[in-house]
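Have a look at this one before I ask anything.
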């Protein structure tokens, strides 16, 4: 795979698409994304679900939570240099991606890939064995992404993309699978670790007290902000890496 | 139904959406559509299927037929004043609309209605009893259109339209059902009957010899053109009407 | 149909099951239900959906609306003598009953019928032609109820009811279809018309200003209460009937 | 419809396909079928379901009942001149045809029609309004038959029939819908009424005491045989007709 | 995972739920279950399917087999101290669990977990790779159980449980996966091995001659009883263990 | 597994069924198939899909490609001694096997196995972990084959095969999984390597220039033929093996 000798740290002017199951899944590679945008690449985020189930606050409703998580994700993306207009929401219900029409999922992915023609795709590792039992959305997101990418390469899959929108087939060349059990590729993100921590910190509704009571009261918000600062200080000056399986493509 | 006292012949500056199962279904109301565009209204066409099965030419393939019918429909629409950019293709397979995900169909209709906010909707009559056995696509198109229109009126159906695209709910006020067994509304199209005939004549692949062998050879094409001219002459100077059931809306 | 000569006004000690698509559908026969409970019959209500879409208040969410409508329905039932423990909620989403697993729907109905063994069933008229285009939930509720009732009569449908719960097959003998286009049976409800009006009035979120803004502010609530009182006064002393198609059963 | 001027009583050497939902549905037209076979036509029966639910005998199981009904149907067909090898079983479960894959149903019908290329098709009337609420299998059988027949006429539906089996498209010309609310065609079956009664009598498990306890004990069997003989005697010498809606075909 | 330091042998007064694909799957952990009931814990069994396909006796029917297996399972459970009222049957068809509605499966599991609020859940290991090709029911049972358990922890999954039944969310803390390829937890069941053997022996229809001819004739039954006694004698005085993967939970 | 001591190289007069996802998948074991037919065994090929998507020639259509691939496969099979009448086409769309009705897939496999009663089955390895992310058809073909084989062994799965066609249950004894990550069985195919290369070479539309432009022009065809000859020469005189996982069967 000689085309993979080129390290992503050297890229510039490329288009990268990141397929996530939920808002906040991008935290698994947000350091790498920060480096990519800093180097002048364009990063497009695709979220399969809207994350509308993940709260232990009993007064929370799905509609409200979906709106909160959209805002959180936009704030998180902004930290690493991705503007809101680069975020694509497919709008599926949290935790129910597996029950969606799999052919439709693949078709939506294929269409986006044909439309944006990315130099690389990031997604969950479909080979990760442990995906098999927790986080059914992750599993489905992984499979749908690679199934859609394969479809995108042949004009006879979803021919309506060509017929009605003039979208030509496109074969993605380079896959980076995050959350992998068999990583073979490391990115040193030490210089952007603060951005990664800040990126994660925007998901107030998902981690810490906000998962149980939202919005935070003033005192809790203050304590959280202090803890965040401490985490950033502790992280500085150390080495941090993000790991991927850089994948073969089979067409 | 006092709001329906206003005749469509008097309209100007309005937006009308027409939902058809197949390319060529609009021939059931193309005279009325011609009058509407002549009076300065904007007509949007939505086609559920691409008509990719309707040919007795054994060398025809579905992909080719879909492309042919798109061209034919664009030509037919042009005759009655509707430009190609006003045509929306949902891209389903001919004859298989009934097997599609009905919730997804309603969602697509709801989204389009919220986006274009039409003053009136035209579609097959969902109450037409005889729909029950021939033309399953017609039946499904009728039901999906009214189900989608009802959904469009309430923000809690398909809330992703509001969340991700900012599309507000919208309640269609006025329905014209064509191909109805219980018409209650007539439009005199005598002055545009030539346009209606020309509109129909563009569907070479669907009627006459083109249904059995496509494209036409030169001699056949010439004969068809002469027959068309004869039909137009015969139609002139007579009264022609198109019938609709103008419908109640229940929200 | 000699077994139908006996009028329901004479019944006592019987069990009646009413299958509704939404909370508030029972308003179509609530006068009759009031008479039945006054005469010492037991009325069981079954609601397919929770009515969680029907609001034009943009701040309303589905979870909140479902809870509101449950409360409203319990209040409405109480007015006509049906206690909360007689209400069974199947919990489907409003407007989406048609997309549910139809076999599962019939199975749930069959199980309830075998469990409660009613003397009569009330439901939407599955023959009502106009059901075909508005209110898809009504149509599905009608069909599922009669399909489930037929299944209940044969032990080889849903045999798990007998195997695990000991529920014997049961054939319902008497059907009253409300909202029918071909009514053949009338009930004089003049003496309980106040109850019917009060029953309807409990659905604050569905009719009048509450459909657009919920809860009502104080002034509006007061105006609504006065209007209600006026409706009751106007209705008194006149004749009021509810109409049904009393149906044949085919096993 | 000039091609329909020819009465079926005059036919000879033709192929007729009869699509039924259940074993015993053919009793609705068995007199006509007897006349057709007597005149040297070939009649092919297609049964969607195996009738494996219809028994009130609590010791009956679905597997046993399916086998019994197959035997009964073979005996009943023999009476009217249809041999067992002319019976095609699709094998669906009784009462659950509506839940089957509708595209697969249409494909099976299309394949059989392309294979046997019948001069006429008999089936339930898809337009019968009252089908809408009892006997969901009848409704589904009616729709699937006409949907399949329409598919059979175009090579682009189910193209695998042509590709792998060499089956050419075929357009059925003549439809006879039984159990119709709007019959327009009558067949005098007075001279074969005994065969019709005998045909019906073979369905021991479905009518009379056999529906509640199967097999019949000796005394009951004897009584049933006597009653049958009486029915035959009573029927002789009177006029008997079977009614159909002879249908338009729309391709 | 400090909460897992406590060994299950020391438990008393706890509630344990065991999710099995088929009657007889509990034989994989019946020694452990016997120890749990002996120590005063309450064990609830949930069976997804009724095991109605597993017989080579050609006269066997599905309905009869389901009834036989229910009886066998009740007898088997009784041996290890679990009364019939602690057995919950979901009633799916043997071998067809994978074709069931996966969302409905997860919902049923979530409801039971919220209702009984178990201290631990036992089920097939969803991570077992070899599950992938034999015993599709095992695979589906594993995934549905953990998917349902995750859903049970959040009120926004299946909110109807809270709305109509008042069932609060509940997060299971401790999972024991049986039939695992990567066991990390052993239970010494030497002192209850006789019970485990007796438990297994109740499944006459599944193992030995009963799988081919049911019921056993007298001579065979006698031989089986003797062989059982021999197996028990041989097992005594030796060490026997049952292995599990005690699992992480991810919410 | 003593029955597996017998090497397949010694077989004669046996029946072998090979289940493939696509035309050309048999190239993974075509050397072994050539040896089997040379020794007088009968090999039956079953293809789930028709391979109608795999072309980068933009003028190619699905219907044409399906016909081309059928011809190519027949030519390829002929090389290794399998006549066209031994090829069974299930006719699913390429790349969409996963979206097909899984129960129907298993039923079709079970029926074929009961009909042909093979001594051995060849198919993709359902345990191959890497199947999980590329080639979804391979994964589905693997699972459907073993699920169908298990169903074939019990008369209560798909009982219609016995009832209507008299097909007895049948348990396949011997499985050879190709494309396995854990092969445990090797076949030396050195003496038939030319046949294997020729077999592969028939799939002009899938490999080399034909994947991008079909049919080949004369010059390209000539170059391809020369390259083929060179490959054959290079392969001669060396050792070639095909690897399988010979599998346990669990019923």
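For reference, chains read A, B, C, D, E and F in written order, and residue numbers begin at 1 within each chain.
FYI, contacts are C-beta pairs under 8 Å (C-beta built on N, C-alpha and C of every residue); 3 or more make two chains touch, one makes a residue touch a chain.
Since this is a predicted model, take the numbers as computed values, not measurements.
Participant: Chain by chain, through touching neighbours only, how many steps does the shortest route from subunit C to subunit F take?
Facilitator: 2
Participant: Could you tell me which of B-D, B-F or A-B has an interface matching B-C, in the sense that over half of the contact pairs are shared by residue number?
Facilitator: B-D
Participant: Could you report, rounded to a multiple of 5°, the rotation needed to superpose subunit E's C-alpha atoms on subunit F?
Facilitator: The best-fit rotation has an angle of 120 degrees.
Participant: Centroid from C-alpha atoms only, then distance subunit A to subunit E, rounded to Å. What do you get?
Facilitator: Distance between chain centres: 38 Å.
Participant: What's the distance between the Cα centroids of subunit B and subunit E, rounded to whole Å?
Facilitator: Chain centres of subunit B and subunit E, defined by C-alpha means, are spaced 57 Å apart.
Participant: Would you kindly tell me how far, in whole Å, the mean C-alpha position of subunit E lies from that of subunit C?
Facilitator: Taking the mean C-alpha position of each chain, the two centres sit 40 Å apart.
Participant: Which residue numbers or ranges of subunit D touch two or more of the other chains?
Facilitator: 61-63, 129, 156 - these are the residues of subunit D that touch more than one other chain.
Participant: Sort out which chains touch which and give me every pair.
Facilitator: A-B, A-C, A-E, A-F, B-C, B-D, B-F, C-D, C-E, D-E, D-F, E-F
Participant: Sort out for me which residues of subunit F touch subunit D in the complex.
Facilitator: For subunit F paired with subunit D, touching residues are 50, 63, 66-67, 70, 89, 91, 101, 104, 156, 159-160, 163-164.
Participant: In their complex, what parts of subunit B are in touch with subunit F?
Facilitator: Residues 61-64.
Participant: Which subunit D residues qualify as touching subunit B in the complex?
Facilitator: 102-103, 126-127, 129, 142-143, 146-147, 150-151, 154-157, 169, 248-250
Participant: Show me the residue ranges of subunit E that touch subunit F in the complex, using the header's touch definition.
Facilitator: 52-56, 58, 60-62, 65, 94-96, 98-99, 129-130, 132-136
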